[in-house]
Amino acid sequence: MIEVANDNILDLAPVWLSLKLSAVTVVILLIVGLPMAWWLAFTRSRLKVTIEAVTALPLVLPPTVLGFYLLVFMGPNGPAGQLWHVLAGHSLAFSFTGLVIASCLYSLPFVVQPLQAAFESLDRKAVEAAWTLGASMVRTFVTIVLPQIRRGLLIAIVLGFAHTMGEFGVVLMVGGNIPGETQVVSIAIYEQVEMLNYQSAEKLSAGLLVFSFLILLLVYSINRQWGRGLKA
Amino acid sequence: MIEVANDNILDLAPVWLSLKLSAVTVVILLIVGLPMAWWLAFTRSRLKVTIEAVTALPLVLPPTVLGFYLLVFMGPNGPAGQLWHVLAGHSLAFSFTGLVIASCLYSLPFVVQPLQAAFESLDRKAVEAAWTLGASMVRTFVTIVLPQIRRGLLIAIVLGFAHTMGEFGVVLMVGGNIPGETQVVSIAIYEQVEMLNYQSAEKLSAGLLVFSFLILLLVYSINRQWGRGLKA
Amino acid sequence: MSRIRVDVRLKRDGFVLDCDLDIPEQGVTAILGPSGSGKTTLLRVIAGLETPDQGSITVGDKVWVNTGNRKFLSSQKRKVGMVFQDYALFEHLTVAQNIGYGLPRRQRGQLVDKWINRLHLESLEGRYPHELSGGQKQRVALARALATEPDILLLDEPFSAVDVSLREKLRRQLQEIVKTLEQPVLIVTHDLEEVHHLADRIGVMVDGRLSRIGQSNNVFDDPGNYEVAKILGWRNFLPVKSITSTAVTGAWGELSLEQAIPVDTDWLSIRPYHIRLTTEEPGGLCTEVVHVRELGAVREMECRLRDGTRLVMQSSWHEPLPAPGSQVWLKLPLQHIQVLCDSPLVQIRQSGNTTARLADRSVDQFTRGKRVVPMEKQS
Amino acid sequence: MSRIRVDVRLKRDGFVLDCDLDIPEQGVTAILGPSGSGKTTLLRVIAGLETPDQGSITVGDKVWVNTGNRKFLSSQKRKVGMVFQDYALFEHLTVAQNIGYGLPRRQRGQLVDKWINRLHLESLEGRYPHELSGGQKQRVALARALATEPDILLLDEPFSAVDVSLREKLRRQLQEIVKTLEQPVLIVTHDLEEVHHLADRIGVMVDGRLSRIGQSNNVFDDPGNYEVAKILGWRNFLPVKSITSTAVTGAWGELSLEQAIPVDTDWLSIRPYHIRLTTEEPGGLCTEVVHVRELGAVREMECRLRDGTRLVMQSSWHEPLPAPGSQVWLKLPLQHIQVLCDSPLVQIRQSGNTTARLADRSVDQFTRGKRVVPMEKQS
C-alpha cells in the first residue's frame, strides 16, 4: 500500500497538499462549528454532556481507531464508499475528499472548543441590549457577537489549521500515501525516515517546527494582548 | 523495521503496554506539570508567552516531526542515545524508556493546560488568607489549593492518560513496533489493518472507542457538576 | 404615550413572579424590594427578554404578550428602552455609535446629535465606553435607550454600578432627565434613597409579588404591613399584644389612644423624628439610652424599652440629648403613630384564579396603615 | 499590645504608595479615600502580601520589614489578622474549620468555641460559607482573624460586599465587636458613613499619600484642604478670589470677616446645617432656591449664587422653607465658616528624601483648616 516517491531533491508537493487540506478543512469546520458551539454554549439540554464528549472524542481517541472506522465507512464496502463510488466513479478512501472528511472529524474539537468558550464568555447583556434596540438576530450576530468572539475565532482558525497540518495517523490509514493526492507532509516525513533519507526529513521537519512554533507564538501573544489565557 | 506478529487470536499485550505507558507518563507529567503550570499561571516574566508556545507545540506539531527529532536525539548517533547506550547497554530509541520520554513530550500540553487554567482561576484571596493565618506553603497547598484545583487536576490526569493511550505517530517513529516492548495498541490496530486483519482491528478499536467515550463522558459530567466548562 | 398594563406569572426553579401592575401614561414608577424579590425579572419580562408562563402585557391598544392566544412580541419589535444594571454598553463602539445603534440609518446622524446634546455628552462622541466615568456611562446608556423613542423606559438598579460617593450627583442628573420625558419610566432598585425623590409612584415587591403600590408619598407614609414598612426603611416597631378601646399594650408598656384602631393591628410604628423627650407622665414610655450618634444635621438616640425593644429618635443637632445609660421618658405623639398588620399575603394566590386577588388590596385606597387620628397634612 | 509604625514606599506600574503611619496600641484607625488611592495596597503591605520597595514596619520592638537591612518577615510569621474585602472564607471548610484554621491543634477546639460564642455564631459551626448570609460571613471572617490573637486587625472595605440595606446593622455589630478588642484595628474604606462612628482616628488617602491623619473629630472638622474636605463629604465650597483684612471676595459675592484669615486661602466652606435664612442685610448672600428635598428628619434646600456656585442648607423637618424659584438671603455665621487651601501636595516628595516630608504637615496640629474665629466646642 505504501507507494514510494524516491528522490533526494526536496519535494514540496506534500507541503502544498497539506496547506490545501488544512484550508478546506478549516472553512468547513467553521461553517459546522459556529452553530454547534453556539448550541453547546447556551443549551440547557441534557444531551449537552454527551454531545460535548462526542465532540472531544478525537482529542483522546487513538488516530488509528478513528482512521480504522473511517476506512471501514468510506472503503469500497462501506456505505459512504459505495455511494461515493456510484457518484464519483472512484473510491472515497485514498482520495483527497476522503482526507477532508477525516480531517474535519479529527480537528473538530480544536475549532468547536475555543468557539464554545468564546460564546460562553459572551457579554449577554450587550446582546440583549441590541435586541431591545430592535436589532435583528443577524445584525446582532455581526455587529455585537462577532467583535466579542474575535479572539476565540482566531484561536479556532489557527488551531484547526495547524492541527490539520500535523495530522498523521488518520491520514495514513484513510488516505494512504499517494503523491499529489494524499501524501501530506507528515506522511512524507515518515516515509523519508523509513527510507533512512534523513536529510529530506530534516528539512521538512525544521520547516514545520518553525511554522508551528510561530503560529503558537502568535496565538499566545494575541491572547495575552486581548485578555486572559488560551484555555479554550 | 516493521516486525509482524501474525496471529488471528486477539493479542491483549499491546493494550497492557499502552495502559502501562499511560500510567507512567501521567505520573511523570504530574510531577513536572504542577510546578510548570503554577509558574505559567502566576509569572509576570516576558518568557511566559514563549514557554506557553513551546508547551503547546505538541498540540499542533505533526507527530512525525516530533518523532523525527526524538529519533535523531535518542538514536544510536544522538547525544541521549549514546549516553543511554553507555549506561543501559541498549539503544534508547525502540525501547520502552524511549517511548515514555516521547509520550511525556507529546502529552505535556494536555496535562499542563488544565492545571494552568485551574491555577489561574484559583481564589488567591483564600491562599493569602491562609498565609496571614500562619499556614506554611506546603500546608496552604494541601489544604487550600488542592481542593480548589481538584477539577483541573482530574481533567489533566484523564486527558493525559487518554491522549497517551491514543498516541500513534510519535510512537511509530520512536518506538517502532516491537511486540511486548513498544507495540502499543494504536500501532497494533494499524498493523492489523495493514495486514487486512479487520476482525482483530475491529475488536481493539471498539474497545478503545468505548473507553475513550466513557472517559470523556465522565470528565464532562464532573465538569458540569463542579462548575463551568472544560475549556482547558 | 400609552398606559401600560402588565399582568404576568412566571415560575422558574422555585422562584415565582406573580405581578399585576398598571403603569400610567407618564411619570416615574419605582419598584422597590430586597435582592432576589423578582424586580429584575419583572423588567426583563416587560422588555421581552423573559417569557411569562401566563398573563398579558398591553401598551395602549397594542398587545405585546397574551399567553391566552400564544401572542409573544419579540424584544426587537417592542418599543422598549432598557438601561441595564451595568449599562451593557457596546465596548467596541464609540459613544456616538452606541447611541446610534438602534436608529434607522438616514436619521442616525441627526438624532445622535440631538441626544448627545440633550444628555450633555458633547466632546465624548468619539470615546469608547472604557474611557468613560460611571456617570457618563449611565448617560450614554440613557441616550441609547431614549433615542429609539420607546413606549416605556426601563431602568435596572441605575446606581448599583456606581461608587456611593457619586450616587447623589447621578441621582440628581437622572432626576432632571427623567422629569422631562414624555414616556413612562419604570425603575427597579433595592435602594431606598434612589426612589425617594425620583419616583411618582412606588411599588414594593416581596417574594415575587407586589405587596403595595401607590403614589410615592402614600406608600412611604402608609406602608400597610410590617414587611413593606421594613423595606421602606421604617425603624421603630412596637409589637402589639392586646388592644382595648382606649389603650394598646405590649411587653414594652402601654400607650393610651384617643381613637379606636383596627383589632388586627400587629405593630405600632413611629418615625424617629416624631418622638419627643418628655418628663414622666401618662402616655410616656420609660426607656434607657443605649447610644447617641451625630449624623451631621441630625442627632440620633437609640433607647431600649423594658422588654428590650429598641426605639430610635432623632432631633436637631443643636438640641441637647441625654447621655448613654441614663433613663428617659419618650413621648410618642398620638397623631404620628401608625398601625401595621403582619404581611397581608397570608393567603397565597392561586395561579390563574383572578377573582380573589390579593393584589386588589394593594391599590391606593389601601384600608390599612392610616394614621390613628386624622391630622393636617404634614408637608 | 504594641504601637505599630509603618513607613513605606512602593511603586507599581505608575502607581505610587508613599505612606507614613503611626498606629497606637489600641483603638480603631480608619483610612478613607477614593477607589484606587492605594488604601488596599497599604493593608497588603502591612499584612506581608506586598513587598515595599523601601521603608520599614515595626510592631513594638519587633521589626517586620526593614528594607535597609533587607529584612522582610513573611506573612506567615507576622501576627496579623486580615479580613478581606469579600471575606475570602475557605469555601470547602465549615465555619468551625475556618475559624480553627490558624490555630495550633491542641487548643483548636477550645479556642474555636470561645470565638464562636464571642461572635454569636452558635448553631452555624457546621455550615459552609455559601450557606451563610453576608453578615454571618463577616463575623466568621472576623472570628478567624481574631482567633490567632494578632498584633493588629486589618479590615479591607468591610461592607462593600453587603447590600446597602444591611450595612447599618452590620456597622453596629462590627462596632460592638471592635470596641472590645485589645489590639489596634486598621480599617480601609471609601465609605464615609462606615468610619464616622467606628473610627477613633481617621486618615485620608489621596493618590497613594496620606493627606491628613488625626483624631476622628479633628479630621472631620478641619480637613485642611479642599481635596480632603470633598472626600470627607463636605458640600459647600466658595472659591476665593481676593482677601482683604476684613472681607473675602469671589465671583459669588462678598463676605465680611471679623478676623484675618490666611492669605493663601483658596476656599471657604460651611456645613449645610450651619447656614441660616435671613432677610436682606450686610453679610448675607443673595441666592435663588433651586431645589427642596425632604430627607426624613431633615429638609434640604439647594440654592444658586450669582456665579452659579451652589450652596446646600439643611433645616429641621418642622421648619418651613421657601419654594424653588424664589429669591432668598442666606446668612453664613462667621464662627462656622472654615477656610481651605488647595491640595498641600504641590511639592512631590522625593522617594527617600525623608527630611522635607510633607507628611509632617498632616499631623493633628495641622495649621490649616482652623475656624475663622474661636468658638466653644459644638456637639
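For reference, chains read A, B, C and D in written order, and residue numbers begin at 1 within each chain.
Note that in this section contacts are C-beta pairs under 8 Å (C-beta built on N, C-alpha and C of every residue); 3 or more make two chains touch, one makes a residue touch a chain.
Predicted model only: the values in this text are computed from it and were never measured.
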{"item": "Where chain B and chain C overlap in contact partners, by chain label", "value": "A, D"}
{"item": "Label of the chain whose CA centroid is most distant from the centroid of chain D", "value": "A"}
{"item": "Whole-Å separation of chain centres (CA-atom averages), chain C against chain D", "value": "30"}
{"item": "Separation of chain A from chain D, taking each centre as the mean of its C-alpha atoms, in whole Å", "value": "58"}
{"item": "For chain A paired with chain B, centre-to-centre distance based on mean C-alpha positions, whole Å", "value": "21"}
{"item": "Distance from chain C to chain A - Cα centre to Cα centre, in angstrom", "value": "55"}
{"item": "Residues of chain C engaged with two or more neighbouring chains", "value": "none"}
{"item": "Pairwise touch network: line, ring, star, complete, or other", "value": "ring"}
{"item": "Contact pairs between chains, per stated definition", "value": "A-B, A-C, B-D, C-D"}
{"item": "Contacting residues of chain D [partner chain B, same complex]", "value": "47-49, 74-78, 80-82, 84-86, 88-92, 101-102, 144-145, 148"}
{"item": "Residue ranges of chain A in contact with chain C within the complex", "value": "123, 125-126, 128-136, 143-144, 147-148"}
{"item": "Residues of chain D that touch chain C when the two form their complex", "value": "34-35, 163-165, 190-192, 196-197, 231, 233, 271-273, 293-298, 314-317, 320, 379"}
{"item": "Residues on chain B engaged by chain A in the complex (per definition of touch)", "value": "1, 48-50, 52-54, 56-57, 59-65, 67-69, 71-72, 110, 113, 116-117, 120, 159, 162-163, 165-169, 172-173, 185-187, 189-190, 193-194, 198, 201-202, 204-205, 208-209, 212-213, 215-217, 219-221, 224, 228-232"}
